[in-house]
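To keep things simple, chains are lettered A, B, C and D as they appear, and every chain counts its residues starting from 1.
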Amino acid sequence: MLRISIDKIDSLFAAISEKQALYIPADRADGAAEYKKYEAGMKLSEKLNTVRSAKDFFFPQTENLVEFKMEGKKIEVKDIRQESEDFVIFGVRACDARSFTILDKVYLVEPVDSYYKNRRDHGTVVTMACTRPSETCFCQAFGIDPTAPEGDCAVWSDGSYYYFKANTEKGQAFVDSVSSLLEDGDTAELDKTVAKTKEIMGRLPLAKLSTENFGGDKLNEYFNSDKWGELSESCLGCGTCTFVCPTCQCYDIKDFKTSDGIRRFRCWDSCMYSDFTKMAHGNPRLTQLERFRQRFMHKLVYFPANNNGEFGCVGCGRCLSKCPISMNIVKVMKALEVK
Amino acid sequence: MQRIGVFVCHCGTNIAATVDVKAVAEALGHEPGVVVSQDYQYMCSESGQNLVKNAIKEHNLTGVVICSCSPRMHENTFRKAAAAAGLNPYLVEIANIREQCSWIHKDIATATEKAVILGRAAVAKVHLNAPLIAGESPVAKRALVIGGGIAGIQTALDIAEAGFDVDIVEKNPTIGGKMAQIDKTFPTLDCAACILTPKMVEASQNEKIHIHSFSEVTDVKGFVGNFTVTIKKKARFVDETKCTGCGLCTEKCPMKKVPNEFNMGLDNRTAIYIPFAQAVPKVATIDPNYCMMLKNGKCGVCSKVCSVGAIDYKQEDRFIEEKYGAIVVATGFNPIKLDKYDEFAYNQSPDVVTSLELERLMNAAGPNGGTLLRPSDKTHPHKIVFVQCVGSRCDDSKGKPYCSKICCMYTAKHAMLIREKYPDTEVYVFYIDVRTPGKNFDEFYRRAVEQYNVHYIKGMVGKVTPQSNGKLHVQASDLLANEQLHIDADMVVLAAAIEPDKTARPLATMLTTQMDTNDFFTEAHPKLRPVESATAGIFLSGACQGPKDIPETVAQASAAAAKAIGLLCKNSITCNPCVAHSDELMCNGCSSCEKVCPYGAITYIDKEFRMPDRTTKVRRVASVNPAVCQGCGACTVACPSGAMDLNGFSNSQIMAEVDAICK
Amino acid sequence: MQVNENKEFEPLIVAFCCNWCSYAGADLSGTNRLNYPTNVKIIRVPCSCRVNPMFILRAFQRGADGVILCGCHPGDCHYTSGNYFTRRRMTLLFSMLDFLGIERDRTRVEWVSAAEGAKFAATMNEFTEAVKKLGPNRRLEDLRCRKQ
Amino acid sequence: MQETMINRAKQLLADGTVTRVIGWKRGEFAYDITPAVFESAEELESDFVFDDFTSANVSKYLVKESAKEGKVLVFLKPCDTYSLNQLTKEHRVNRDNIYVIGIPGGPKLDIEKIKAKGISGILSVRNEDYTLKIETIYGEETMPFSEAILDKCASCKSKKHVTYDELIGEDGDVLDSNRFDMVEKLENMTAQERYDFWREQLSKCIRCNACRNVCPACTCEKCVFDNPNSGVENKAASDSFEENMFHIIRAFHVAGRCTDCGECSRVCPQNIPLHLLNRKFIKDINELYGAYQAGEDTTSKAPLTNYTFDDCEASIVHERGVE
């Protein structure tokens, strides 16, 4: 398998970033990791994951759509879309990698979201297998193998080497572009690491979490469950879970009056917000209970109902660690579950 | 869709000389919503106004922007013109391109550019203007005067004279106030009682005037034209309607050792008493702190001797409620307590007295029947030292920072009277400055010095020490001669600073009027509105607003009356429609707005709301009384949720102006 | 912000003036033909206490380089106490802007009475100069509003 | 302590004094505790928890809960009682409908600080004589208790309960805290340094509104940031200005009302030290207008709805400190 010694990774990053923009998870001053544009000297984070998910690369928090100019009754519309430049995201975990598949199901079906597609076409996802999963991890519940991540190209580490395997044509092109830096090597050490990780996966506190009692056909079982009141009673109605979530894909479209016109942009929205999907007649979901229910029903019931049983969650665990009141999808699943 | 008309005024050459008015009209014509944009020589002239009126009718305008002089000049002119053409007057905005543009700039290009921007801001604002209708609120035809001293009496007489009912609330058993205690008045030296008591009688006999003596205001609700006031009539244990004021009870009362407050505690009265012979109403009052009958049920002499059966030991405080259109505050003043002034030995020697005590000592109705005697040994004093500014013009916390204003003159009066009556008595006056601005005041003071040989010494008394021989050793400095003086005086008279009555502060809270740090009521404007408080419908009379002598007090009392009459003459008041209003759906009921409102215009009501989940919830929300609100907007910023907004200057209007200017 | 042909930086100054004192003071400086730069654009408010911090931030967002707030002298407020609240609010707001590293000289409160036409003009001259020295507002600008 | 609290809550439920109890509910792990309303002895028995991680300030829930029928029991730490007082003062809660049991305050632990040490796969956390024994999937780890204390507890202002109906444990005192140290440090930087500091911090903001929604001073029926008519409504931090605007306005709206409970910084998913903005206002207010602590009582006039004739002028900002 093609590999590079860990201490040479800088040269690999340098080589990539020479040709296109490279983003890697790096540690911030406060200790948390976030994706940053690679610059010489930047170190790859050893954190399990970034606070914000990798969805930002394809579905950024805000994105300009179009601009208008008005003079009297004349309205001039300006298309401000620009073709993205090629870029590489390195070090995406298996959970986030799967989230792209979920976002694709929303944005790449007809009518195709050209803004999203543009970014998706130009981005190469290089994933990184996990070796130190955390107690908040439950990707297994959604059939994700963190030791064999998806993405254009997968990377493994055994502590001494990074191993590369292309999963797609784009991934192959990526490997080819840096092949001069890679060498072939055996995977005995790596196999041990993977086996060990798999063993740890089995011992995680949430290893037994199962989705078998959820899915598109469970609307009636869960929609009117009396658990929702208790689960949502302390929900603050903030958007933390939504905004750190790699699969949440809702947005709002707003107009901003600039100095010489109007800029229409879209930005992330959260179904936890009281003005979410507010229409002329008012708001369809009037209470926090309804809004809270929406988010979890969407991930566990509505999304699979429309997508051949695929759930709208990848088990990354971000909401478990970031929710201000520690309410999350795992607690919801455990409370609701009707066997 | 808005249809806005823009009218650019040349103001002759005042504007047109530095601003290309045609270019301004042309540029503003392209602004969104503008359907007509014209310029004219003199927009405020009749033909100019007609131009606006015709355009309103012809184009069915929904808003008008006049680019002209300051709105302080002609805003009303154009509002009236708009109203005449059928457009709500509050849909007119003025862009000030004269005072704030053409007159201060010289370069035509930049001045024109700025004029366009100012016009654009006005257009942006007028887009958001809402038609406003001035409300009206009825006026109760009755006035309340709080305080029955000379200020209150004069105000009440004037208001009654104009034909309105007026109530006087006086906390003491009689009206008359401080002036009733004064012997002679400066600068004429006529007898205070001789000029005051006829007014007291006049007040009591005027059928429009209703005197609530021995009463206090306990609650004030409402607003200008429509106050509801609760008055506590304190129990005096004597039926006012029956008592004839014959005074037999006061003669027979066995409890004769009650300090007489009217004589500043210099002699005693009985437990049942009439403060002084000319009291109004002349009705006895029982002092429950001393009456044996009230204290332990043993006595009852007054009840036995009263031939009309006026004594009622079971009387209780009564509360009455009345509606008023206007309220005049006339709570007056008191001399400060001198406890903190040990250096003057006020608490050590009875021969150290305040000026007001001296008034009583010299008064024919006073404790000594008008003969000036030392309180200690009732001997005739031969040397008297007056100390000025005791507690006035003080920069420490002991006294007051202000000048009490009346002391210089009354001391000159005292000195003169003493020298006149007792030529063998030497009088020294220690002063910082002698302040005598007033008609015939300085002449009066000079008479004291030149004609009566009063020793005026610039300097402060350092210490007064009572001697074993009964003399008071006065140690002082003469600043002009630069020497220390030692005087063995028989009496020392302290010109104590005056301060507002203690009842004023809680009253101000009830009335939501402002006070300064010294607890004097603050007038609406120090120069132009000296007798109105900032709270509409509340007027200020006399020393409650600041130290005053009698002529000034009377002048202000009549002025306050005139203002009150002006209000009472109206059947209703037109309210300024540019007032605050609260969006109840957003209001948190947190009281922030209420706390910054200088007028007490905001109250809270519990209101029922339908909640999103179809339940109902009762919530506390702010409610602005448009008749009281003056439209300052303090509340709009205090409100965290933005529920409070101001008509005519709304958040969105001001932000639209900001946007237009910064475009 | 405007840049004129000589490329000299011309700051945009928004001045909030209370109706009773400062706006009248500004009128007086006009009546007396006392010059101050065209950079200053006045917005009339009933009282300085009507000025919400949001208005000031809005001005900076939309491209103002300096914001000045003028009101009656303390003690002279037409509404008796409005400017006292203004004083506290603006002191705290300006201190916060300073804390965030926004240049101090971009904001100011000045008490100008209706009689102080000369002071109004002098203040505006001085303030405009001070802001000019700072250059364009970059630390508190909204890039979306920057003029192309 | 937890036992005593549960027992007392059960008593008060049983004797009808209260109908509900607000406290904290056990989570999946050692630390993920959720504020909750308990309605029965059974619920209390099985789920009620009070330990080193029960740091959430539950006073804000009283806005909703005290408006309901029946009295509600709430357990408040000293810092939380300040929040309740402030809510009472602003008429946001019905104090008559609340039964407050004052309980001892922190220091509470910050799981983020433990995780920042690289400790992951956490199964349990025990405090043994101020050393944390942390059991993980990867074996046992230890770290000093003091290094895992929540920032808000490390700069605690008071151990005194300013309102309560009864106390469990001893009441403490107002502390001479070091809470303004960091504000002062920033004040002593140059404007450029301060600007850089705040840009770095605020650029992390994802406008999730957690700070606002957790804040016990932010109980507006409709927040200006959610109101399209307010002129400042926005959803996305799409420009540095919006982040600035949001945080400045929010801090200004709670100025003189913020009880410095520190929840804003605790819940921020991006670890932005938002409390420094509030503390800056508190420090300024103390220095310029006299010591004032929101929530200390329910009657005093808040600094921004009050004034004195000789308040300092706004120019004081220009005159002091480092440029």
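Operating definition for what follows: a contact is a pair of C-beta atoms (placed from the backbone, for glycine too) under 8 Å apart; a residue touches a chain by one contact, two chains touch by 3 or more.
The model shown is predicted, which means the values in this text are computed figures rather than measured ones.
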Please identify which chain has its centre, taken as the mean of its CA atoms, farthest from the centre of chain A. B
Of B-C and B-D, pair with higher C-beta contact tally: B-C
Chain B and chain D have mean C-alpha positions lying a whole-number Å distance apart equal to 46
For chain B and chain C, what's the span in angstrom between their mean Cα positions? 34
Report, in whole Å, the distance between the mean C-alpha point of chain A and the mean C-alpha point of chain C. 46
Taking the mean of the CA coordinates per chain, how far is chain A from chain B in Å? 69
Shared interface positions of chain B, touching two or more other chains: 596, 638, 651, 655, 659, 662-663
For chain A, what residues touch not just one other chain but two or more? 259-260
Of all the residues in chain D, which ones touch at least 2 other chains? 224, 230-231, 238, 304-306, 309
By the document's touch definition, which label belongs to this structure's chain graph: line, ring, star, complete, or other? complete
Within their complex, state which residues of chain C touch chain A. 62-63, 144-148
Okay, in this complex, where on chain D does chain A touch? 27-29, 31-37, 56, 61, 111, 115-116, 118, 120-123, 136-138, 200, 204, 206-210, 212-214, 226, 234-238, 263, 266-267, 269-271
The chain B residues in contact with chain A across the complex are 30, 32, 612-613, 659, 662-663
Which of the residues in chain B end up touching chain C in this complex? 70-72, 96, 98-101, 103-107, 110-111, 113-114, 117-118, 121, 514, 522, 524-526, 534, 578, 596, 598, 630-634, 636-638, 646, 648-649, 651, 654-655, 657-659, 661-663
Per the touch rule above, chain B residues touching chain D in the complex are 516-517, 585-592, 595-596, 604, 617, 619-620, 638, 640-643, 651-652, 655
